[in-house]
Structure formats: structure tokens, C-alpha cells
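Per-chain residue numbering starts at 1, and chain names A, B, C and D are given in the order in which the chains are listed.
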Amino acid sequence: MISYAVEQVSTYAKDIDFLILLICGLVGFWFFVAEGVLFFLIFKYRAKEGGKAAYMDGTDPKHTRFISWPHRFILICDVVIVVFAVKVWMGVKQTMPAPDQTVRVVAQQWSWSFQHPGPDNKLDTADDIKTLDELHVVVGQTVQFELVSPDVIHSFSVPVFRLKQDVIPGRAIKGWFKTTQTGSYDIQCAEICGIGHGAMVARIVIEQPERYAEWVAANVATATVPPAPAAPAPAPAAPAPK
Amino acid sequence: MSFAKPLATLRTSAGLPTGRLALWWLLASEVIIFGGLLASYVMQRLGHPEWAYEAEHTNIWFGAGNTIILLTSSLSAVLAHQAAQTGDGKKAARYLWLTIGGAAWFIVNKAIEWTGEISHGFTITKSGFWSFYYTAAGLHGLHVIAGATAMAIVALDAAKNKELQRVEYVGIYWHLVDVIWIFLFPLLYIAK
Amino acid sequence: MSTHAADHAHAPDSGDEHEHVHPPSFYVKIWAILTVLFAISVAGPMLGVKIVTILTAFGIAIAKAYLVCAYFMHLNIQRRWVVYLELAVLGMVLLFWFGVAPDVMKHEGQNWENVAAKQAVERGMAAHAAGAAHADAPAAPH
Amino acid sequence: MTTTTASHHADAHAAGHAHDDHEQSFFVKYLWSTDHKVIGFQYMITGLLMAMIGGYMAYGFRMQLAWPGEWIPGVGFLSSQQYNAYVTTHGTVMIFWFAMPVLIAAFGNWLIPLMIGCDDMAFPRINRLSYQVFLISAVVLIGSFFVDGGAFGGAWTAYPPLSAKATMNLSPLGSTMWVLAVALEFVAFLLGGINFITTAMNARAPGMKMMDIPIVVWMIVVASILFMVSVGPLVAGAAMLVLDQQLGTAFYDPSGGGDPILWQHLFWFFGHPEVYVVLLPAMGVCAEIITCNARKKFFGYKTLLYTVFATGIISFFVWAHHQFVAGIDPRMANVFTITTLIISIPIAEMIFLYIATLAGGQIRLNVPMLWALSFVAEFLLGGVTGIFLGASGSDIYFHDTYFVIAHFHYTFVPIAVIACFAGFTHWIPKMTGKMMNETLGKLHFWTTIVGFNLVFLPLFITGMWGDHRRIYNYDHFPDLSTQALQDLRIASTVGLLIMIAAQGFFVWNLIWTWKKGPAAGNNPWQGTTLEWSTTSPPGHGNFHPMPTVYRGPYEYSVPGAEADFLPQSQPPA
């Protein structure tokens, strides 16, 4: 349904799509049943010359069972949805698989900057590669990201991953994804962040390991100035721009 | 402007006078306004141990003095109600004016206290504690002023033996202002 | 026009306290109790024991609030649902507290960390330590 | 029964005052009145005017989305700052200045005193004050468009630090005026709400027991209670936000030790019950219309009340489902998923009861009934799509996409527009004494419904395909600037143009009704509730003499009775 227009590029994309499809089936069934009954009743009981309406107050079990039984089924549907929703949620947001690579995502008004770990695959070292509006990852690797913002709330949204997480200034929020195919896709800001919100877009470039290595090699030479202290600063994510 | 009370005001299907009924609902909304503010304060306070050092700079004696003023003014408010119950509007009005005096004294105390604190650099922007301190106490102070104004209006009527049931209503409102302070006092002054 | 008269006309179903006119001395007694409680709440922290401070400050605040609500506001002879109404509203405040505290009171949780708040705490503690080293240290905060 | 005698005593007491203010000037009669019917009209007219403003905003930004960057007739070029301001104001206006005043305040003012059989609200002057404060709040909001920096553009949720710092939202005055306007509006509705609750509790006609109160009155009262209990923390929060904006405190500013998440909680603790605050009166309005036009008792009056109470209580436990991906602890999301799906149970029960009420009826498809039935039909779609958003797993994808927009417009348009027109067409004969035109009414109904579905059905699809909210130009997003998506956006805009044009029929109908509407008579719909037993329009004091209630509110088609309806105030034979 969604994959028709938006590819599934992360490992959990198909879980989320399945959950959506499941909910769609369950609530779709109830929706069409309810609408069907509604229109049928409107048609069947339209006013007729000399007709008289029934007098019932809705306490007779003969009548209320038409409501109470569907109601129990709805309860069961709810339980099914909760179970699957929580399962998907825990898989996406509450687990943290061991990462192959860690990146830092800085969302600011109104662009994205990304801090790649560089050749040594460690963040906050001298060979980090910082890019603007372009995130490079290796296909098939588990990437852990850390979201920080120096100004207002943004939201890190990658539709092809089915992933979304708000970036809260002052907080460092972690998440993960594991890509399944190469390509280049949108990263969008999904939380209003000021006048440039409508243009706050970046691209994620998912590459084969060789291409990624080439990219790293080409960029590490021109990498930005090394961060001042070798020891990790108490908070690299320090928000407060003075 | 003459205003004839409609029948709707006089009916009592729920079993208590309309004014008092509305007042309980008003109190409920006040409780949740202050409740939301104080809940926000308490959770931040528990998360920020350094606020305790800021709280040391509050003057417990001003807080204590204001507590005793409000407790006593609550007594005079309830005595006004008692007088109104016995139909003595003049006495009720006198007690109400006494309560208003308490409110005025409270505000004067507050003004002196805040002037001192602000002049020592403890302004509303100094830290989170002071922001909450001024916001909570300020919101409470607005209620003190509003309550005193309402009492003045009621006292003028009560002195002419009119609308005596209102003496009870402003009294209840005043007790709420008192109760809020009873919680603000330990939250802002004592807990350090 | 006197509504008061109308009120009295159907006093039987308009709350009961019209039949419970306490003498002024009753209220003065309550006030005296309140004053004593108040004195304890101010004296409590002077012992400098944290648990005593918490108990005297907030336990006594609740006791005082109960006395004022019950006897000054006459909630003790008010219709019961009024008491339940106010308690339900307090319950909502608690609900709010428990819903929000995991995010705001705590400075870290699953996969997130409130860096700014931790820094603020550190800054505040450091500033205090520096200040305490300067002047004669006041009694350690509880 | 002492209450009855007491009330009769009071009735006699007030009778002398019923007619002491004749010969009023225009100002006193229409702008300074304490009469609940006039205040109801004030709220209704102000609400509809504000809806026009909100609709104009919608027109502006939908045109921009369909044809980005082009000159828009009647608006001009829309900058991204203006676009944000339009989006923000549209949301704020439609909820706080259209849905609430029309559904709670206008219908509450019109119906509560009439339906419970008394002459006015319990506190007429507070009622007037409430409207005046509301009017000021509307003026402040509109005024924010004309100050330096323009209107606030940080979305109706106003998440700080964007809303708190002028350096970030670039509207130093507009943002503060927005908060003040919203806070004033809250004050107005707190005053109004306490008035509604007190009136319905205390001012009922003799003989009207709790279970004889018409459903719409119950609903407005429960909605007022929900509003009152939920809005408190946000009132405090708004004060804190203004201090952040103007004095530079740091309640929500992380660099000063504050926490932006706190506002989100304060806001949604109010924001979610707010949905039910406007939903319940709308459902009440439709319940009245459906029972009357199906000529049938409501199916399960008490069951409905229980589901309403259950909904009201559970609605306080679900707020954080708006924040699943907004930075709350992920463990909390599981709790809120469960509570959110629980709330579907009473809501589904409510809808079932409405549908069941139709079974065995004699359904008259007049204009109010068409609106009321379409409310149920359309709201169903809004309701079921909410499950996608309440379930945490799928909300990761759907959060802040156009799917959300389509979902909540399928709840809010039935609530604010459809139920508003349902109630308006049902009760305007009572309030003005004139019948509206059925043909124009049906034209208005069908064009509006077609337009409405054309606006929002495509948005479900664009949302599923990844369109995010509050973006003024999708050309910047390579994945979103496809022709298929753009066609859907254009379809949606065309739908909006149809929906706006459809309101021409409504205006035409109003003018027709005003000029040559036939007299309505006391009871044009053969209703049973008390308002139909007095004159149309009701005079000052509403009832002469005051009614006494003998039976429940929906005694239609009672076996053995002559007419197919038994008014509440008709003494037993």
C-alpha cells in the first residue's frame, strides 16, 4: 500500500507496513460494516405514509445484543492491534542493536549537518567527516544515530525507512536503522521549525562498502579542523549557542 | 444599572444554592491551574538538586509572616460568614474589611520582600527556581488582589444587609487562596 | 431584591450548614490549632534533619489544608459529591504528574539523555561549591 | 417534592421581573444584552465570521500547495513566513474560535435554558462577560496579523523554543499576542463553562430529573467539565510561555535549564481532551436531530451517558499519543498506546447507538437530518483512521504527515462544520421563527459534502506517500515533487474551492430566510423537548408560564398515543 509509492529501505519498514496493513484490514472491515448498516437502515426505515416508528428504549437484551456482540469483537481487534503495535514499536524504538557505524545528526534552522565517524569508525575523533545536507551510510550496516539540535525542535524523518524521531534541543536522542538497498533518498524535517521548515531537506546516500570507502577517502583529506580536546567533551551535543 | 435576577439563578435542583455550586466548580478549575503549575515545579525541582541552593536565598520570615497573615485573615473571613449567617450584615462587613486589610498587608509584605530580592540580583531570569518562585507567588498574588476586590464589593453590599449569601462565597474563595499559600509556603520557602 | 430570603426559603435542600451555625469561638479554636501547626512547620527545618523537614513541611501543610477546607470552607458538612469533585481534580493533577515526570523529572531514559539539564545541574552545583569555598559555608543543604 | 415547591416559589418571585426591560436601545438589546438567546447569536455569528477567516487562510495555503509560488487571487504571493502564519492561524481559529464558540457556547446558550425549561442562564452577566472576553480574544488574534513581524507561525501546538524565542520565530509580538489570545479565550470558556454546568445542574424545570435531561445538554455539560479540568495546566503553561517570550525566563529553554518537553505535555494534557470537548456537543446536537427525525426514542439513553462519562474520563489518560516520536521516553508510548485504543471502545459504542436509533424508525430526510446522518457517516472514517495514529508502531510513520491532517479533518469537519449546520438548520426556526429553504439547504448540503470529501480523501494518500505537514513548497523535496502527488494536491485544492463555493448556497439561504422565510410555528419538527413548547422565537423569559416536566426527552411514537410525539411538558392524560 505504502510501498507502492515509497520504497522499503530499512529492515523494519516491512514490519511497519505490515502493521499498517493489519490495522487497515481490521478497521476497514468495521468501517464498511458500520457504513453499510447505516445506509441500509436509512434506506429501509425511510418515512412512509402512515407508518409508525417502533418504540424501544434500548434496554431489551433482544436489541442490545446487536451492539454488545460487535463490541466484544472490537475489543478483540483492539487487543490484536495493541500487541502488534507495541511489538513494532519496541523493535524500532526500544531496542538498540550493536551498531556498525555511529553518526551524529545535527538539525538546525534550516539544514541538516551530519558527523560521520570517518576511517577509524569512531565519533568525535580528528578524522570525522562533517557534511551538510548529505548523509552517507553503507548498505546492510546497522547505523546508530544521535540526534541533537542547537536551536528549536526538528524531526528526523526518513520516509523510506518509515522512521521518524523528533530532535529536541538540549537532548541527545539515539536511534538506529539498518538499510537493505542502495540509493539516494529524502531526509525531511517533520516538525515545524520556522520559516525555512519547508525547505529543510537532506539526502541520505546508501552505498556499497567500496563506494563508501572511496567517499571517505576523498573527504577525509578535506575534513574540517580537528575538534579541540582529545578527551570527549562533557557534551558534544552542547546546545546553548551563546 | 438595575439588574433583575432571572429565575434560573434562584432555582436549586442540585440541592445547593447556585452561587455556591458555581463556586465549587470555580475552585476546581483554580485547583487544577495551580496544580499544573506546582506539578511542573515539583518535578523540575526534584530533577534539579542545585535549585536547593537558590531556595536558600528566600527569606523564610517573610514567608512565615505572610502565612500567619493569611491564616488569620481566613479566620476573619469565616467570622464574617458566621455573622452573615446570623443576619448581621454590618458585622459581616466589618470582618470582611478586616480580611481585606490582611490581604493588603500580605501584598505590602510581598512587595518589600520582592524588592529586596530583586535588588540583590535574584530576578525572575536568574534561574529556574526563581522563575517558578515569581510565577507561582505572582499568580497567587493576583488571586489575593482579585479576592480582596471581590470582598470589597461584597462588603459594601453586606453593610446594607444585601446579598448576604455572597459573604460566604467570597469567604470560600478566600480560604482557597489561603490553602494555595499553605502549599506554596513549604514548596518555596521551607524545602531547601 | 433579596436572594438571601429565597435561599432561606428552601434551606432544607440547599446544603445543611444553615442548621450548623457554629459560635465564633469554634472558629477561633480552629485558628489556634492552625497557628500551632504553623509554628511546628517553621520550627521543623531548624532541626536540620531532612526527613523531619519533609514531614513537618508537607505533612503539616496537608493537615492545615484539611482544617481550612473542612471547617472554614465547611466541606465537612457540604454535599459529599463536592468533596469528590475537588478530590477528582486533585487526582488529575497527580495523573499529570505521573505522566510527565518520566520525561521532565528524569534526565535520561531509554535511548535519550537530557544533556542540557545535566549540564545545568553540574553548573549549579559547581557554582555553589565555589561560593561555599569563598564565604563561610552555610549549613549543608538537605 | 420540595424542589418543585421551592422552584414554584422562586417562579412566582421572579415573575414580577420578567418584563421590566422594554424599550432598549440597539446597543443594549444586541450588544450589551444578558439574554442567553442574544448571546447565543453573538457567539454563532462571531464563530461563523471567524470560520470565514479560517477558511480564507485555508484557501491561501491550499492554493499555494497546488500551484506553488504562483500569484493567488485575493491573497497575492504567499511567503513561507506567511504560509506558516496562515497554517497556524487556520488551526487555532477553527478549533478555538469556530468549533468551540459555535458548538459549546452558541448551542449551549441557545439550548440549555430552553431545554431545561428556565428563563436564562444562571449567571446572565457572567455570560455576557464571557462573550466579551471571547470577542477581545478574537480581536487580539486577528490583530496579530497587523503588528511588526506578522502573526505567529509556529503551528497551533506552539512548541517551544520556536514559540518562545523571537530570534527563532521572527514574530516577537505576534507570538505573544497568539498566546494571550488563546489564554483569553480559555478564560472566556471557563466562565462560560461554569455557567453552563451550574445552569444545567441547578436551574432545571420542576419535575426534570437527571435522566430527563436532553442528550445535548448532558453533552455540553460534560464537555464543559472536560474543558475546565484539562485546561488548567495549560493556563499556567501559557503564563510561563509569555514570560519566556517577553521576560527571557527559561521555563522551556534548554540552554537555561528548562525543558521544551514540559510544554508538549502541558499542551496535550489539554489538547487531547479538547477533541472530546468539541466532539461531545456535536454528537449531542446530532442525537437530538436523529431522534426527532427518526421519530424514535434514543436507543439506550443511559448507555450513551455511560459511554460519554467513560470517554471523558479515559480522554485524560491518552494525551501522549500525540508525542510518541516527539521525544518522550519510548517506554511511556506503550502505556499510551493501550489507553488510546481503549478509548475506541466507548466511542464505537456511541456510534453504534446512533446507528441503532435508526432501526425501526420513520426517517424523515430533511436538511438537518441529512447533516446529522452525514456526521455519523463521515465521523466514522475520522474515527477509524485514528487507530493508525494511536497505535505507536504505525504512528512512527504517520506522525506529522498529511494522513494526520486528513484524519483529524475527518473528525473536526463533521464536528465543527457538519454538526454546526445540522444544529443551525434544526434550531434556527426556533430562534428566528422562520423556516429555511429546503431546496437551497439540500444543494448546500450535497455540494459541501462532495467538496469536503474531495479535499481530504486525496490527503490520506499523499500522507501515506510521505507528504509532511506545514511545508509550503514540495518542490524542495526530490522524493515528494512527483506529478502524481502534485495531482492529488491539486484535487484537494479543487475540493476546497467547491466547499467554499458551496457556502454561497448557505448565504443565499440565509438571505432568503430573512426576506421571505415562512413562519415556523412553535414546533415545526414535532419535537418533544421543552424548547418546542414555547413560541418561535421565544420571548424574553422564554416560557409563559414556566413549564413542568412529566416525562423523558424522547417520547416519540409512544404506543397508544394519538400524535407520534409526547412533549415533555404535556401533562399525562
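As a working rule, a contact is a pair of C-beta atoms (placed from the backbone, for glycine too) under 8 Å apart; a residue touches a chain by one contact, two chains touch by 3 or more.
No experiment lies behind these values; they were computed from the predicted model shown.
Distances between chain centres, each the mean of the C-alpha atoms, put A farthest from subunit C. Taking each chain's centre as the average of its CA atoms, subunit B and subunit D sit 34 Å apart.
Put simply, the C-alpha centre of subunit B and that of subunit C have 13 angstrom between them. Averaged C-alpha coordinates give centres for subunit A and subunit B that are 48 Å from one another.
Taking each chain's centre as the mean of its C-alpha atoms, subunit A lies 42 Å from subunit C.
Touching two or more other chains at once are residues 1, 6, 10, 13, 89, 92, 96, 100, 104, 106, 110-112, 114, 116-117, 120, 124 of subunit C.
Contact of a single residue of subunit D with at least two other chains is seen at positions 3, 6, 10, 13, 17, 229, 233, 254-257, 259, 261-262, 269, 327, 330-331. Looking at subunit A, one finds that residues 93-94, 169-171, 173, 239-240 touch two or more other chains. Those chain pairs judged to touch are A-C, A-D, B-C, B-D, C-D. Residues 2-3, 5-6, 9-10, 13, 17, 229-230, 233, 254-257, 259, 261-262, 265, 269, 316-317, 319-320, 327-332 of subunit D are the ones touching subunit C in the complex. For subunit D in complex with subunit B, the touching residues are 3, 6-7, 10-11, 13-14, 17, 20-21, 34, 113, 118-125, 190, 194-195, 197-199, 201-204, 208, 228-229, 231-237, 239-240, 243, 247-251, 256-259, 262, 266, 269, 541, 546. Within the complex, the subunit A residues that touch subunit D are 1-2, 5-6, 15-16, 19-20, 23-24, 26-28, 30-31, 34-35, 37-39, 41-42, 45-48, 51-59, 63-64, 66-67, 70-71, 74-75, 78, 81-82, 84-90, 92-94, 109, 151-153, 155, 157, 159-160, 162-166, 168-171, 173, 185-186, 188-199, 201, 203, 239-241.
Every residue of subunit D that touches subunit A in the complex is listed here, in rising order: 79-81, 83-84, 153-155, 159, 161-162, 165, 168-170, 254-255, 259-261, 294-303, 324-327, 330-331, 333-334, 337-338, 341-342, 344-345, 348-349, 351-353, 355-365, 373, 376-377, 380-381, 384-385, 387-388, 391-394, 396-401, 464-466, 468-473, 476-480, 484, 556-559, 564. If you check the complex, the residues on subunit B that touch subunit D are 2-16, 18, 21-22, 25-26, 28-37, 39-40, 44, 48, 124-125, 127-128, 131-132, 135, 139.
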